[in-house]
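Scrolling down, you'll hit the structures one after another.
In the two complexes below, chain A is the common chain; its partner is chain B in one and chain C in the other.
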Partner chain A sequence: MSSSANKGRALPRAGSALPRAALPWALVTPALGWTLLFFVLPFIAMGFSSLTAHEGGAFTASNYSQFFTNPSYWQAMVNSLQVTAIVTVISVLLAYPFAWILAEQVPERWQRLALMLAVLPFWTSYVVRSYSWLLVLAQNGVVNRALTSSGLFAEPVQLANTRFATVTGFVHFFVMLLTLTIFANLKQLSPSYRKAAADLGAGPVRTFLHVVLPLTLPGIMVGAFLTFVLCIGDYITPQILGGNNELLMPQLVMMQIGRRGDFPLASALSIILMAVVTIAYLACARWLKIERA
Partner chain B sequence: MSAKSASTNPQSILKNHLHAACAATALLLGAGSATQAADLNALIWCDHADPALLQPFEEANGVKVNVKEFEGTGAGLAIVEQSQPGDWDVMVIDSIDVPRGVEKGLFEPLPEDKLPLADLFPQVKMDGSTVVGGKRYGITEKFGYNTIGYNKTKVDPADMQSMAALTGDKYKGKVAIYDYYLPVIGMAALAIGKKTADLTEADLPALKDELLKMKANAKLVGEVTASQTALATGEVDILVGGGEWVTAGLAKENPALDFSIPKEGAVLWSQSLAMFKDSKNKDMALKFIQYIMSPEGQARLATSSCYWGMPANTKAALTDDQKKVLRFDEQPGFLARAQAYPAPNADLDKKMQDMWTEMLQAK
Partner chain C sequence: MRKVVRIASWLYALAVYAFIFLPVVVLVLFSLQATSFPIPPFTGPSLRWYDAVLSDTRLTSALVNSLLVASISSLAAVTLGFLCAWGFARFVLPGSGLLRGLITLPLTVSYLIIGMGLLVLFNWAGVPKSLLAAGIGHVVINLPLCFAIIYSQMGNHQINIERAARDLGAPEWKVLLLITVPVMAPAIFAGFFLSMTFSWDEFVISFLLTRFGTTLPVEIWNLLRSGLNPKTNAVGSLVFAVSIVLVVLFELTLLRRRKA
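Let's look at the complex of A and B:
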């Protein structure tokens, strides 16, 4: 043992044992305080609010029962899950090859620039980007003009104010997010794995399916989960691009607040949404754990 | 719900404590940008945020008007509940919702003798809502119609004289619906021959049928910006629930936009100004209300950059061109055919909103 290590050991004896024991707590206290103040307390308040009646403030579970008995409310959850699933799958399918090209095909010295160019559109406002998509997909927009002038369609197709528009707006955003997480995972993957697979006679496809893909699944799952969480709770994109032709959960929550100020029902719907996100997290976490085992 | 029952309920007590804790936290966090006591703090709709409206008042009175925009009475009242008493001086509110603020004990009676009530269009005074218990708590400042807005180069203006055009096949896919359930339900009521003031729960099935017919023809159901954009860009040619508030502000850029009051009538919307009981600056708050209600203030408010609307004061200092765009001289005829904004009680309000949700979810 070196003398410096002994000196290090001597320090707690010279001082009090309490500061050493308290050090971890001191380090996590700011984070705990932050979580307590900005998550736990608001969540308790929201949970409490969800169990009170809008009129009179009496204790009630009716805000939750409304969700299960009103088909329109239930439909909002179904719509949200469908849109989120579609967005997540499409985003993963588009992001993986994009991340692969960036990580494997683009020369290393250009990768940083390529990544910067990829995320450049996201320096603009989210709302402005959504309205831009509305104009692109509009009846007189770029896409419809291309479709009609090329002769593919005689009349403009309704693209704006549809689920297609909502999914497009979401995918545009989340492909980049997923690309970054998958790219980081691919860069961490040692080339030795592929060399070893090749030495053992595996072709490129087999190497990808049995070596690369399983090893990059954690990156895919992290990105997919982030996509799921951000997508299912987003209000702006479906509100601007969906044309209210169907309601998603965040829109249903906001609707309770606008005129009637029904915070108890809005709280209950938010907690149900949070429960769905928690289930998704547990599913992802368990799945990842199995893979790692 | 009476104020007393709410205050003695244990759930409400805890709820109030939570609200107070949230408000205290918000106050601590916002201390850096806290407003000065001499400022006037106004909870407003976007039309009051126009510098052309506020600056003359600020310069004349040496005061800064701090504004916070909100949409929907519920959201506005929630802001007040989460604030400290005295944080706010004046509020813009749907005229029909003035009693909600009075019931919560928020508003101060307004001195009628210091306001130009005699100059207001009689039909928009809305005394049934703005006067509670014999005291005036709100004064109508601006009004208009939820009716049919349209592009007259794309549709036959003669068709726009009947609400039947909204549910017929001729304009299928060319229609947008304004996303606010009360006025559009009011229009549906007019379409089926019901008076908006007499709506009951028994009318909901027929109203729902009418709404679903409208939805079947609609390309989108949009809030103010979305529906205005859809009409202005040609995405749709008709806006159900539109009116001068959509077309007048765009008249210079797009003179083809117009509105009609169909034979069935239209729904009259109106917004009021109210003063907070706990305002620390009541004299300035009254001055602000007097300014907004003055001929000059009314003209600026009516032509605000956010949206145009009819001034409640008949003596508003509008130019001839502005009056033409707002169809000022036609107002007596319009008002005679307009019906009141639906003002359901809390229970019917909830059922109407659920019916609206069902309509939005319909394929």
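Let's look at the complex of A and C:
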């Protein structure tokens, strides 16, 4: 450490109580140490754990091979990917027009308020939000009451404890998140692009399709990727709203810990889940160039 | 044509607002239910379930635990994040890009996996499940956030003020406390506030790392086992109210700063 510390050249030049070269390291070491000790080390521990047998602790790769041979584990991954894909697509399709209306149709001085209102439930407890949807979708809840009393359905429809409920809960959360990011994106767009398009004879529809949409596409991709990552790793929403009718990956992981205390298998499944996210990241990395302002 | 777009926009926006607020309205409305099921028809208004929440010591002590964990872990995260951001912004360090990447890496990993890792590590090292363990996890998720916010706001123009202070003979700790911290106050505040809200709301890490005295989201989760219950509505509405107050306070402070 001392040899590399000597290279820590200070930009400001002034007298100081601490030796010059030690100060920068004294500043960054606590945070680095915390990350190494409580983020990197746990990850290594999880890696080791995933390669041991639940009974006896002998070295084995069976926790990983189980994932590929046991169809119910495999199915959880398929479910997770399907739900995440559906949620991401629906959320983007719902949020984009909404963000566009907030940015273009709402008068400037009301925009801040309109946006704040649109994301207010975003700040409430995640667990409570899922529970609220359970209330709405319950067998004799508000939606079913409206459906039966309007005569559309004679019997209440099974809405809670289905994939539909999980997707609804997720979409509710991610529409708010994506509205925030897409709104910011639309506001950053300089109005001169639109003026230029109009000067060149493009109508509003053409301007939108050929100028505004392509320019906001990178922002949409970043938002969609964020949705993907947060959605595929979430345990709360599928557990509360989907129930145990079909399992998603995070539910499968938690089940290994809760019911069976099988840390090695839970570790292996977590690592597989993380690998899938990493692959997804690499697959769309070229659309995810986050440029610094 | 223009008018059609306008009307369609209004209808669409109203529909999305309705979708966004539907669960919140149902939650709050049926927290005032007088009978024991939070489903239509509405029989209230009554405050009996709020009474039940406030006299439930498990919930009130979980609330205190949550506030404790949120404030202490956020303070730790913002302190570590600030010092680290200052170090990287003001000094040339070898491997700086790589190290900054390491600090922000936890942002890309889901809470479930961070919690799993800590559970395996603590289990192996013999650290018992406790609020402290959950707090450690909360610092892991919030430290990169605080670092990123504060680091991105450390511009070069602030260097000159610091330099002036040094030229006038201020020792390094005085520069830090009397110059850098006040100048960076908005970013520090934003980092602290965001950490507070994330920690206050965090479930899965606390669920994995605590056992008896636990945080509010975990205690609410335990309530869910009893099915739909107006008491859960009441505690959820209270949590919602606290979050709204925090967000409004945050907006007002930001607005005042911007005007000043």
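Note that in this section the second predicted complex is superposed on the first by the 248 of 293 C-alpha atoms of A that agree within 3 Å, B and C clash if a C-alpha of one lies under 4 Å from a C-alpha of the other, contacts with A are read in each partner's own complex, and residues count from 1 in each chain.
Throughout what follows, a residue touches a chain if its C-beta (ideal position, glycine included) is under 8 Å from a C-beta of that chain, and two chains touch if they have at least 3 such contacts.
Bear in mind that the values here come from a model prediction, so they are computed numbers and not experimental data.
*Asks:* With both structures placed on chain A, which of the two partners, chain B or chain C, ends up touching more residues of chain A?
*Replies:* C
*Asks:* For A:240 in the superposed arrangement: first (chain B), second (chain C), both or neither?
*Replies:* After superposition on chain A, A:240 lies in contact with both partners, chain B and chain C.
*Asks:* Is A:150 touching the first partner chain B, the second partner chain C, both, or neither of them?
*Replies:* A:150 sits against neither chain B nor chain C.
*Asks:* One more residue to check, A:138. First (chain B), second (chain C), both or neither?
*Replies:* In the superposition, A:138 contacts both chain B and chain C.
*Asks:* Quick one: is A:190 in contact with chain B, with chain C, with both, or with neither? Answer first, second, both or neither.
*Replies:* neither
*Asks:* Under the stated touch criterion, which partner chain does A:45 make contact with: chain B (first), chain C (second), both, or neither?
*Replies:* both
*Asks:* For A:121, using the defined touch cut-off, is the partner it touches chain B, chain C, both, or neither? Pick first, second, both or neither.
*Replies:* Only chain C; A:121 stays clear of chain B.
*Asks:* Per the contact definition in the header, classify A:98: touching chain B only (first), chain C only (second), both, or neither.
*Replies:* So A:98 only meets chain C here.
*Asks:* Give one of first, second, both or neither to describe whether A:262 is in contact with chain B, with chain C, with both, or with none.
*Replies:* Once the two structures are laid over each other on A, A:262 reaches chain B alone.
*Asks:* Touching chain B and also chain C: which chain A residues?
*Replies:* 41-42, 45, 49, 134-135, 138, 140, 240, 257, 263
*Asks:* In the complex of these two chains, what residues of chain A are touching chain B?
*Replies:* On the chain A side, the touching residues are 37, 41-42, 45, 48-49, 52, 54-59, 70-73, 75-76, 79, 134-135, 138-140, 158, 160-161, 239-240, 243-247, 252, 255, 257-263.
*Asks:* For the complex, give me every residue of chain C touching chain A.
*Replies:* Going by the criterion above, the answer is residues 5-6, 9-10, 12-13, 16-17, 19-24, 26-27, 30, 38-40, 80-81, 83-84, 86-88, 90-94, 99, 102-103, 105-106, 108-114, 116-121, 123-124, 136-137, 139-140, 143-144, 147, 159, 162-163, 166-167, 169, 171-173, 197, 200-201, 203-204, 208, 216-217, 220-221, 224, 228, 232-233, 235-236, 239-240, 243-244, 246-247, 251.
*Asks:* Residues of chain B touching chain A in their complex?
*Replies:* 1, 5-6, 9, 11-12, 14-15, 18, 21-22, 25, 71-75, 77-78, 173, 179-182, 219-223, 226, 229-230, 233-235, 346, 349-350, 353-354, 357-358, 360-361, 363
*Asks:* In their shared complex, at which residues does chain A touch chain C?
*Replies:* 4, 7-12, 14-18, 23-28, 30-32, 34-36, 38-43, 45-46, 49, 94, 97-98, 101-102, 105-106, 116-118, 120-121, 123-129, 131-136, 138, 140-142, 145, 172, 175-176, 229-230, 232-236, 240, 250, 253-254, 257, 263, 266-267, 270, 273-274, 277, 281
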